[in-house]
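Common to both upcoming complexes is subunit A, partnered first by subunit B, then by subunit C.
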Partner chain A sequence: MSTSIIWYLREFLRMEWLRTFLFAKTAPLVTPPYFKDYPLPTGNECTACYNCMMICPAPGAIEVLRHTDHWKPMIHRGHCIRCGLCVEACPEDVLWSGRVLDAKRNDATDLRSWYRLTVDDTLCMRCGNCAVSCPVNKQADPSLASTGTASSDEVIMKIEGGRVRVIHEEKCTGCKTCENNCPNKAIRVARMVEGIQERGA
Partner chain B sequence: MSILQKIKNTVRSRSIHVAYVDVGSCNGCDIEVLACLAPRYDIEQYGIYVHNNPREADVLLVIGSMTPQWVDKLQDIWEKIPEPKVAIAIGNCPISGCVFNRWHSYIEPPVAKYIPIAAQVPGCPPRPTEILNAILALAPTLFNDYEEKKQK
Partner chain C sequence: MIIKDTVCPFCGCLCDDIEVTVEDGKIVATDNACTLGTSKFLGDHRMKSPIRRVGKEWKEISYDEAIDYTVDMLLDADRPLLYGWSGTHGEAQCVGVHMAELLKGVIDNTSSVCHGPSILAIQEVGHPGCTLGQVKNRADIIIYWGCNPIDAHPRHLSRYTRYANGFFLENSFRDRKVIVVDVRKSQTTNLADEFVQIKPGCDYAVLSALRAIVRGKGDDLPRTVGGVQREQLFRIVDLCKKAKFGAVYFGLGLTMTAGKYKNIRNAIELVDELNRHTKFTISAMRGHYNVYGSNEVNTWMTGYPFGIDFSRGIAFYNPGETTAVDILARKECDACLIVASDPAAHFPRPCIEHLAEIPVVQIDPYANATTAFCDVQIPVGITGIDAAGTAYRMDGVPIRTKKVLETAYPSDEEILGSVYARIQEVRQP
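What follows is the complex of A and B.
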């Protein structure tokens, strides 16, 4: 009994023990190098394709701005959620953040996007404004006018049998001219994105 | 500087009382504030204590994207805090509304419209170290020679 008390007293009167007990501090915290922080420029040239702006889930977080002789993406703090999608979506690797670029290279992953056109038949009044206003339609069939009917099958969408028929969705460039010209907001352009991985990687 | 003021400065540098208020967040930032209390970050070793009573607080952490129901209540909370007081916006939401700032969402950011915000910690969510650094950087400017500054 008495020996154990002495043992305890000796143990707790050690300077080392007292110092660590009274001045306890956790180790200074360093941000690990793999932390996915706000994206920083790598120095590669931005081509202003806006893939980063289109994929960004946070409103107002990234803007591609024109400087005197070059384009540059700008990240707004207070808006950016550090998801790293802009880094992943950029085809030129203009930005870097944590291990996003390394992972993209090692796993041979990429993002593929296309546009999906949906027409709500209960709202559509078959005016043909979408088919007439579409700039791609104008290239494919210059004679397409007024009612939206077309003889060519090369157009994105046309009026056929009293309703809008979407023929070549893959030609859509996502300009949303049809959406802006639709009086009933019946046509919707949605950008679809899919993560892909090359086989064998 | 009087000796009394010096004593007050020393004592206050290790006694920062924090209250936090969630004005409509997704709980992500709340969890990061909670992580500050955990042994890994351990804010009490810096003399920062978390209360949820504004009358005991010096620092108010505002978390969340400001739903309309909070507009008058947040001002009430701010007025209950005794001087010297300071408010810190934690996360993107009180600064900009973050991902909730879209059409048809019932939020009214920024929080700086309703109460004076002294510091903003961006991030969705911010790291606990960033929250800690903001509190520790702001506390000396708030407390040091408070009485002497007030008399001037």
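What follows is the complex of A and C.
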């Protein structure tokens, strides 16, 4: 019995083993330069344009919140996938993450966005709810806003020729009032985003 | 050529802001109109000339022959029924009433199968109503009960209730609340701030419950009434009492379900109760563009709104006895003149069976389900498109419809006028 214990200790308490175990030499932990952490604030002022929220692909990952005298984007770490799109989309460089801002500046790239309105004519009843409720239309054409009768071509959309005609898509601010007030879900607002690079870069 | 401010002759909204583009004697486009209005304006496949059934064939005949047939049919009849009238103008309806009186016949309009019960209730307890303009400019709460305006009156919400800015509502669709009461989800319920889903046939009970709450007797209510939670009923009454001006609109979901005119009576009495706390009005969502006008014309000429029987030599009115469905179902009627409506698409089967047995003349621009049961059909101009005339909007405002096209079709008034003149020659020589 005793011989077996000595054999056991001799077999397992070898000095080389203990040395390598206790004084292991591995490379030190260094954050690589391309590492993208959760976005952090740069200190620039947020204008609450919501570009970051609108481009974020992860549901519930970023929220622009109003504090007493300023706005600030807040990252929910459990939801954020650290893609860096919010950093890239922000026109004021409010957020910072890895090399995203540097790359954007060096390559002179940017994200351009607009809204596209599509109307499914087979679903649409031409009830005019979209054209009358649209806040941009209400500004542009008081007659449309108060009587449902379009009197100007400066509106985003109106009922013309028996269908909803989208005239000034570029005026759309993407509020989706029309989409939310369409009883048949015939009108859809889509935010289109395109990567652009300025010439000469 | 663009014709502005045309009146749309489809539904009771009578939108008077339509821009119609006419090219080569045809309407090619409409602006501002909804799908229903556009398809009426752009309607095609009009009947070319009067037709008469000969054996199993249709034979084209002249207008004179068609009028001859109609006059003979009506003069031979002991109990003629003149039915329809909701899709034509007031002037033609006037001729119809004169004709019914001279023939000692029965004149009835489509409200006997639609908003007739509303009229019966109004006759009992009055009508706290108002024009659509009042609602647009003042109402901050709208209740749609048993109707789906998006399908039947598509521009009702955008022109008068939810979305249009009013004199006292600068930010209309944030300031107005919309409550929709229905037995199922519909396009309109998608837009509601509060959707009250009731069990079919429980309208009366729910209205009574609301009245009890307004009266302060809500503590006695059970946990649910007609499938609606007590809490929701209290919430609705609260919303209504807090409103500055409320408007209730109801459709056939209230008039033609169990309870019929008693439902409307209860709804009017609920509005009455609410008027002790704030201002509230109630109005019917009238369907045909001039069904209201038909009731008006009948009332000012005979004293009664529909189902008027002249067989006694004086006007006699007893809904359930002198209304079209009852007269046909009892097989009393021996000749029928149908003007601007489509009973074969809506009446019960025994009525249609009787229609198939008696001589029937239909005056209508298009072939429809009733064409299959009539002996002669006379195509006419469409009021508001190729004939002008007066129509009454769902809130009782008379509006003159325009003639936007020149066609050879005679108007309803002209055809009925010549039939009436011929009947006069015989009966009042």
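One rule holds in what follows: the second predicted complex is superposed on the first by the 166 of 201 C-alpha atoms of A that agree within 3 Å, B and C clash if a C-alpha of one lies under 4 Å from a C-alpha of the other, contacts with A are read in each partner's own complex, and residues count from 1 in each chain.
Just so we're on the same page, contacts are C-beta pairs under 8 Å (C-beta built on N, C-alpha and C of every residue); 3 or more make two chains touch, one makes a residue touch a chain.
Nothing here was measured: the structure is a model prediction, and the numbers come from that model.
Of the two partner chains, subunit B is the only one that A:P57 touches; subunit C does not reach it. Comparing subunit B with subunit C, the partner in contact with more residues of subunit A is C. By the touch criterion stated above, A:K36 is placed in contact with neither subunit B nor subunit C. Contacts of A:V132 after superposition on the shared chain: subunit C is touched, whereas subunit B is not. With both structures placed on the common chain, the touch criterion links A:A24 to subunit B but leaves subunit C unconnected. On the side of subunit A, the complex with subunit B involves touching residues 24-26, 29, 31, 35, 57-60, 76-82. Subunit A meets subunit C in the complex at residues 124-129, 131-133, 138, 142, 145-150, 158-162, 181, 183-185.
Taken together, the subunit C residues at the contact with subunit A in this complex read 15, 17, 21, 29-36, 38, 42, 136, 150-151, 154-155, 157-159, 162-166, 173, 187-188, 190-191. On subunit B, the positions that touch subunit A within their shared complex are 39-42, 45, 92, 95-99, 101-102, 120, 122-124, 127, 129.
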